[in-house]
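Naming follows writing order (A, B, C, D and E), and every chain is counted from residue 1.
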């Protein structure tokens, strides 16, 4: 882990954007998340790290209630966005998801054109007044997701005909096109080459100026590069959560230390 | 690229397992692969690297004729396995694929139990005589794919209910269960944490003793760690192909150099 | 027609509401749709819904309630001994009242003239304007006049009430529109209610079927012992009573014929679906699938005649007689075979769609392991498509149970309990039709048994469907 | 993990790509067999279709052509207007029997003028070559245009069904000998008249446009009323069943909580598909006619019943296709902040469309060909009056194509067999036209992902 | 509603359509709608009530039953006009290529009954060929297509052929004796037909019987006279008790198997539905239902008492309570 490079810290944020208290998630009889307590801060990039299957995606999906759609999935505990309970029956999950965007672990473009994939969000949220504005948003999102050069000549061809990495970037472009307040990204760079990865990391850094970003990653280097805060999950528990620098250089929990140094997985 | 660690070379192999000559691939009007010439050696790990969308997966899918299933995909040129033309009309793609196994970029477990996912290959190829043997193969494959510990208690639950990384490992286990002669792995570690990645890399190294392995990866480090040969693709062309050490330390082509040093993508 | 005009007016108001709601939403947001909670169109929908729905609901309730209200007021004016008499008399009053309307129009009578009409000469005049009355008693006439006045007053009230409701709601909706108003949620909730209402149609249909069968069934069991019906093994209706009406021979025939039909249709249909979706070229599929669907549209009488004239004698001459299984040209086998052909598209077309919907990545996964296409189909695709396929098979089975013409012509009309597939038998459905359309008097067990048969069949298929649901739940594989 | 790779199966390891090993050969044989089964299945289905179509076409093609007899008729005022004052009311008192006499005279004159020997046939026998419908046709013409009286017009009448059958091969000299309705001498006369140019076989638009005719005039029977009736009913079915069915499916599959109640509804819908169609007739009679007071024999009632009958088919098809759409598509839509309603209507529904359309095609095919429920609501009937244009037409009596087929097959005169097959051809053409849009649309929306 | 609606018997249907068609052509009223669907169903519909959405006339191939009248009364249909239009002959016919048959009711009873009397013993019917039944008949296997129990024709067949044959052969007496003199039981035994496939019930119509005879050359079917008259080139008719069935022999009463056909008019509709009275009068006019009318030439056996019916219709005499 020689080349871990720490992002500059500016954790001058006052309060939590999202707060999780004692969150428990069950899939049927499988207790996937246990007692998770975490504060996601505003204008911060938070990295979730942890071995495969430890519950990172599960927790991410709790944050915008995407777990609602999984039959047999039960969530307990309290999750708040700007102090409002996310699971309050009065909350409109649609509005929640408009605020809390998501990039899924497996790229899932719509079987529509590349353009329509990106334009979908702005369309349903009424973000544009005319076609020109929409074109602009689409282009900007694709540019920011580093896909514009490859996609600009084939905007009308189906998004499902893209390569794995291209699909992943398309999904990122789709998610940022609606400018959510919080962006949840589940391994957004897993299928990307280093340069594309760097571009996405740049995007994340840029987004942080206004929003908070939560990113799941398996790359310790990436977590160190882009995040200000890091949460380490292990076997369904949040083992440690803190400033990225501290987690990587001076973890409190021995399990964090073992994971970072490559001993447990 | 400070920490690139080179695997020991033992390229004492005499002849090409798979040879590609002037391979062209078109998707409709999109010329996705141009003039690819490459020899995949026996008992060797070959890494394909290159920016997203450059045609790595496409080429991989040519090697076991998975492109046959894509409508509009046209392949020209000559591809041989052990000197036999893969695209010869007399070739039975089924047998070819039994020899040339594949792990796909997007994990695609069957909607069956974990056990049935792994047992699928051995069953159709008739590799076992009884249930005990099958159990053994399943366990061994899952162990080698580093999934046994997580999966052993839920062998009967559906493979689709696994986490992203678990699904990826399940697909690896499924592919090695039939002991193919050549194993094509499209970004097999993209969703894996470092420890799981290390285990898979170990597996790859182990497989090399008998088989050839082709692996697509975006991690230069990984390519350097596990492969003996590396091919660099760029915009549908095979730019450079050679010993991994040479490619990473002394690339002939300026594009390779730029890519490795993180300048083009 | 005035009701039609009223409805039309409300709908026009709703259309205007759509436009205005949209405009107003944009106006409140200063022309910037981004400041709105929902899309401008949602505000339009909201206004339109509010303008139309309450008014139309009110109209519907009014139209249902008005006759009840009027008749409860009229009822005391009539002297009737029994409720049945009263309802007959009321029907008379209703007819006369409508007839008076017609008369007023055709003879251009003033209201006073109508009020002063006397009962003596009225009947022929009413008949002239097309009202079915034999005679008009003074009592009925005065009741009818009261009926008519009340109708007219209430009609005016109704128009006013509906119009007022529409207008009020319309204005209310427009006033509600503010940038942060959740118009999408409201209009989606409305759509949701529509969806729920649509699914309740199915429930209502069931209720309707059960209700329309139940009272006659009870009537049947009052004049024919239920024990005989459910336990007797003979079906032998007679004209002069003393019939044996045991359901078993019919049930057995139904089951036997349906099973043979499914044995023909399911393998052929499934294999066809698999072939068309997995093997055939797009072009072949393009014409073969619609062509096979024509089989579902050929009138069953054609199949019936095919069974009667071609298949039946062929089966008899080539199988039944050489095998010593009888000399009947109509047989369970004949009907089953021919019905099976008809059912092929039920299985094939729907299965084909479902198989087609299985993601390509699953096929890739299987091929990548060296599976042949048929292994992929059998081990991966069909299990993943199972719920849909079961649905298709159930649909085919349902059709088999409900078929009449093929059975009548192919299997005959004899109710028999036999294992020999070359013997003539018949099904429950055939007997429902023939008993209902027969020459027997309606209130006899021979006719009423049709209702009992229908209800029994209904219950039995219900049980079968519960079973099917359970099986699907158990074996379904959810991809992704 | 030090042990070598799993025992490499000889089955896979050895052998060239061109020479499959025994196990693979077996599997390939199984593959070929499976494929052969598939082809056989398709071939069987197509074969069955061809056999049925050929028999229908073979029997029914003749119904579109008909034998006509063309004779000059001098309309005799003494017969058609005995009072001679051209008052329509008076003229109407002359019935078709009177016009029959007129035609008889004209026929005899025409035969004589053509110089054809009659072999001692009686007047009645000679006039019997004409359809019984001819008199009505002539009467209609005269009443419509009284100026014709006294003039000589060329009147083109249908020939009697047996004569028509003779020219189409249905009736032979041998069968005529046994036939109480025709004699060989009449056939000979007809042949001579054909040679003289008075008798022709030509396309008969009346079969498609005309109304049904009674048992004694098979040659005049047409399908116009039935085609209209079927069209009206299908409009009703399509307009009601498709939206209702899709809406119900969407609710049940996408929104309804998965609990006992929705299970009950699900089972219940599957069960409704199994309810014999005659029971829908019972329901329709009880609810639509007896309770709601809708008229007898009207397409509206038929349409409503067929709607209820088609609904389960569409719902089942739609539900299974909705369920077959991968959940990741829904996730993707929800993830960008679409509501569930939007996710369904924008993404899931278009992907489920092929299945929905299949359900519609099959459901409509069934609805179009159904007779049993119509039996109880008065649509299995002899209707000669054309219904008005919709919406009033929905409430006036009409027949339907399958009913017409059913009626034709029940009639004693063998000439109706041909007409039944002709009606079936029309019905199939109707079906194909009706489904063409759905089939094209379905092809457009079929995709794999 | 401006058209007449009738429903009911499929036997009466052809006659009704002929009349309806002629009525539509010669009167200014629209052609009446004639539904088929069975006599029972037609009477049920007639009795559903008075009003626009109920039918005006029920055609029936058998006389109305008391239960139907009760049902009518309960629904307010009190005055019903009963019109007998003529008689329908029932004939026995085989394929044109087959032999000639001359039957008696006794032959049919012995051929089709479930149990017959052989040497004084009641045994299950052992006869397999017509020659076994009556040596005078051809040695052809017995295969009879008879109307199913839904058809009114079956009642006539049961009574006038089977029951008559039962009495003729003396089986009736034997059955009665076996049942301790219980006549009803004996009649029931007489009319129980064999179920071994030699007697086949046809629930469909005569065209189905005809098709079945075409498919089984040796079979004998039961038809209506008019149906036979339209298919004399395919069917060969058998004599019954030596009489050839024809309009004349039936009218004269020589041919034993026939039945009256009726229709029933809802009198409350008579002046309401335009043309109803004219239609009813037209139906029973000599022009239509007379011995030279189109109905007779189609196969209806004209009613000798037609004039009485015409008078009844003209005077609108409602039917009284059922006499028998």
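Definition applied: a residue touches a chain if its C-beta (ideal position, glycine included) is under 8 Å from a C-beta of that chain, and two chains touch if they have at least 3 such contacts.
As the structure is a computational prediction, the values presented were derived from the model and not from experiment.
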#### Entry: Partner chains that chain A and chain C have in common
B, D
### Query
Once you count every C-beta pair in contact for both, which comes out on top, B-D or D-E?
D-E
### Task
Overlay chain A and chain B by their C-alpha atoms and let me know the rotation angle in degrees, rounded to the nearest 5.
180
### Query
Which chain has its Cα centroid closest to the overall Cα centroid?
C
### Task
Averaged over CA atoms, how far is the centre of chain A from the centre of chain D? Could you give it in whole Å?
59
### Query
Once you find the CA centre of chain A and the CA centre of chain E, what distance in Å lies between them?
83
### Summary
Distance in whole angstrom between the CA centres of chain C and chain D is 21
### Query
If you average the Cα atoms of chain B and of chain C to get two centres, how far apart are those centres in Å?
56
### Summary
Note: chain A residues in touch with at least two other chains are 94, 106, 124-125
## Note on the structure
Touching two or more other chains in chain D are residues 12, 27-28, 31, 327-328, 339, 351, 375-376, 409, 449
### Query
Hey, what residues on chain C touch two or more of the other chains?
184, 305, 359-360, 370, 372, 375, 436-437, 478-480
### Task
Could you please write down every pair of chains that are in touch?
A-B, A-C, A-D, B-C, B-D, C-D, C-E, D-E
### Summary
Within their complex, chain B touches chain D through residues 81-82, 84, 86, 88, 90-92, 94-96, 98-99, 124-127, 137, 140-141, 143-144, 176-181, 202-203, 206-207, 209-211
### Task
Over in the complex, which chain C residues touch chain B? Could you list them?
282, 359-372, 375, 379-380, 383-384, 477-480
### Query
Tell me, which parts of chain D touch chain E in their complex?
92, 95-97, 132, 136, 139-140, 171, 175-181, 211, 213-217, 289-290, 293-297, 375-376, 378-385, 397, 407, 409-414
### Task
In the complex, go through chain A and note every residue touching chain D.
64, 66, 69, 71, 93-95, 97-99, 101-104, 106, 108-111, 120-121, 124-125, 160, 171, 174-175, 177-178, 180
### Query
Which chain A residues qualify as touching chain C in the complex?
92, 94, 124-129
